[in-house]
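Labels run A, B, C, D, E and F following the written order; every chain starts at residue 1.
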Amino acid sequence: MATVPLIEYDHATPEVRAVFDDIMRTRKVDHVNNFWKALANHPATLKRTWESVCEVMQAGALDPLTKELIYVAVSVTNGCGYCTHSHTAAAVAKGMTPAQHQELLAVIGMANETNALVNGLRVPVDEAFLK
Amino acid sequence: MATVPLIEYDHATPEVRAVFDDIMRTRKVDHVNNFWKALANHPATLKRTWESVCEVMQAGALDPLTKELIYVAVSVTNGCGYCTHSHTAAAVAKGMTPAQHQELLAVIGMANETNALVNGLRVPVDEAFLK
Amino acid sequence: MATVPLIEYDHATPEVRAVFDDIMRTRKVDHVNNFWKALANHPATLKRTWESVCEVMQAGALDPLTKELIYVAVSVTNGCGYCTHSHTAAAVAKGMTPAQHQELLAVIGMANETNALVNGLRVPVDEAFLK
Amino acid sequence: MATVPLIEYDHATPEVRAVFDDIMRTRKVDHVNNFWKALANHPATLKRTWESVCEVMQAGALDPLTKELIYVAVSVTNGCGYCTHSHTAAAVAKGMTPAQHQELLAVIGMANETNALVNGLRVPVDEAFLK
Amino acid sequence: MATVPLIEYDHATPEVRAVFDDIMRTRKVDHVNNFWKALANHPATLKRTWESVCEVMQAGALDPLTKELIYVAVSVTNGCGYCTHSHTAAAVAKGMTPAQHQELLAVIGMANETNALVNGLRVPVDEAFLK
Amino acid sequence: MATVPLIEYDHATPEVRAVFDDIMRTRKVDHVNNFWKALANHPATLKRTWESVCEVMQAGALDPLTKELIYVAVSVTNGCGYCTHSHTAAAVAKGMTPAQHQELLAVIGMANETNALVNGLRVPVDEAFLK
């Protein structure tokens, strides 16, 4: 159903397997999601994406759960179904409670509403924001 | 430059002034942003939007700063310039550090990239996400 | 500031002038907007777009003002500033009142909010909608 | 398949049932759509959203069918499948004819095309639109 | 499952059949895709869309495969599943190799990421770009 | 006007200067664009983004100009003004002719129109596309 075949571990090249192994070791799971199997058609993109995700999503000035909530907000706003499912699941795995999930969605909804109101009103940016 | 006149306090109806007063009191400032002045052309929408924002953005299972980061993520993804400026400023006012800002943007960028990859690959949702 | 030069009537080819003349005659104005001047760099696209707009926006099962409101709704949702300005002005020219404008924006805002909520909740389509 | 359980009336709290009852009474139906069942996980959002929809979608300067057409335009532009299905059905329930539906889609398509042309050409806003 | 019935050749009007015949003749196939069957509910839109697609997608300063890659880029960015499937298939039919497909997706992903970064940073346009 | 200060070479850290030097050397120019100056607030994102862009945009199965056209298509569809300006300029630098530019925009416009029509019609994916 994808526009590319999903590459399973058993049929993967050593280069792809190395990334799959790193994903499974890092996440302490025994399989990789369909996203990675699809990306595996382009080993360079698979490797670069995985390394970038690791760099960006690691604990830093923001904690991993907060980063995952932000990821969900982007995915929902883009209407990406797969991404919303997978990052909602990731947020739950990182400790998101049902109450946090509901507030996350309420903020996303409100932001999309006021974004549209601003776009329709063509509100000029306040001087104070440009200092 | 907006598609509507901006309503200043001095020319506002009592109904609009009541909302403006509440905004200034709640935020401990002596003016309201252009967004509210533009919305004031429709007092019902002004009142409903302000009350909804208060309800949604209050401290709850998620803290106010986290909610503001989510708001920025939506605004950036929608490409809303005014919203990005105003909610970035609001996040700073609620304590967002430059390091947090930079990580926020990095996550937003990464999420938009993988959303697009998923959309292009048409990745089928993993069974595990649908349970 | 555009990515192409704006073609003024005096420097336009006969092919472009014919479209400009038709726009001015149809709209009973003595100039064309920047959109048409920019499109004039590609006479084939200019002609096709003008003819398509005429066909689509003419009175039919929906009246011209309603069609203009729909045009604004799309333009706002896409965050297209030029389009929002020009089609809001067109709607006013076709009789949109300030009250209608405000209600239009309120509906656009609400729709964007519930679209986001649906996308975040991944609501399955009701059987009743698929009959 | 949703990211939350759908709350059925029989398992709903009194607070949720009150909103469900109001929806069914207002719409003269004997059930609520999946959207409301999903929102019911967060009673505050359920109540606020229902009340806001009632306020925004009621007859005013624009009639209810026109408002529904605008709602469809936003939903289609955002690519929200559920929303497009449910608001197309709502428009039909409010009297939208097949001919109106077809013209609605033609306008939405045309608006999305010219929005993209404007975005690519970076057309500067005409002075006349900013007065 | 569509919001309109799909019009099959055997039940189509002569006006619709003429377009279907032209599509099949031009593409050297013995059927038309669901998109055209759905559009056939509005013969004017069917005819205009088919003629516009023919004009826009013909070989010119850009070759047909390059145009198809651009079409996929737009469809993926909009998150349109049907469009991504159909234009990916069209690109393959026009000679897109798996390696080209993978690089196409990598560029689309990267562009979406940097678009978001730019939107979040609100980068002012360089003078050099405006000359 | 950006949400961050633009980092000039003279005030940049050695880490940032190394990337700036590489950009100028690679592109054979004596300055870097505002995008890179804004990204320089987060050296890790600056470095990762520059390296990713180099990897993705290099000649491969697709030539650099074609990749730039795809980049423009995404940027226009997202409505990103800065990105549209900078990547249109980059495409010109790589040899895009005015005729190619005009055809590029025509395809982007058409794709956005048919994407919207598909989304409104909710066209089911043809079996043939899923094989």
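As a working rule, a contact is a pair of C-beta atoms (placed from the backbone, for glycine too) under 8 Å apart; a residue touches a chain by one contact, two chains touch by 3 or more.
Not measured: the values here are computed from a predicted model.
If you take chain D and chain E together, the chains in touch with both are A, B, C, F. Counting C-beta pairs in contact across C-F and across A-B gives the higher total for A-B. Here the repeat of D-E among C-D, B-C or A-F is B-C, since over half of its contact pairs match by residue number. Taking each chain's centre as the average of its CA atoms, chain A and chain D sit 27 Å apart. Per-chain CA centroids place chain A at a distance of 34 Å from chain C.
Between chain C and chain E the centroid-to-centroid distance comes to 21 Å (mean Cα coordinates, whole Å).
Residue numbers of chain D whose C-beta contacts span two or more other chains: 1, 3-4, 44-45, 49, 52, 74, 77-81, 84-85, 88, 102-106, 108-117, 119-122, 130.
If each chain is drawn as a node and touching chains are joined, the picture has every node linked to every other.
The residues of chain C lying in touch with chain A in their complex are 72, 76-77, 79, 81, 84-85, 104-105, 108-117, 119-122.
The touching residues of chain A, when paired with chain D in their complex, are 79, 84-85, 88, 98, 101-103, 105-106, 109, 116. Within the complex, the chain F residues that touch chain E are 1-4, 33-35, 38-39, 45, 49, 52-53, 56-57, 60-62, 66-67, 69-71, 73-75, 77-78, 80-83, 85-89, 97, 99-100, 102-104, 106-115, 117-126, 128-130. Touching chain A in their complex are the following residues of chain D: 3-4, 41-42, 44-45, 49, 74, 78-80.
Put simply, chain C touches chain E in their complex at residues 1, 44, 48, 52, 55, 130.
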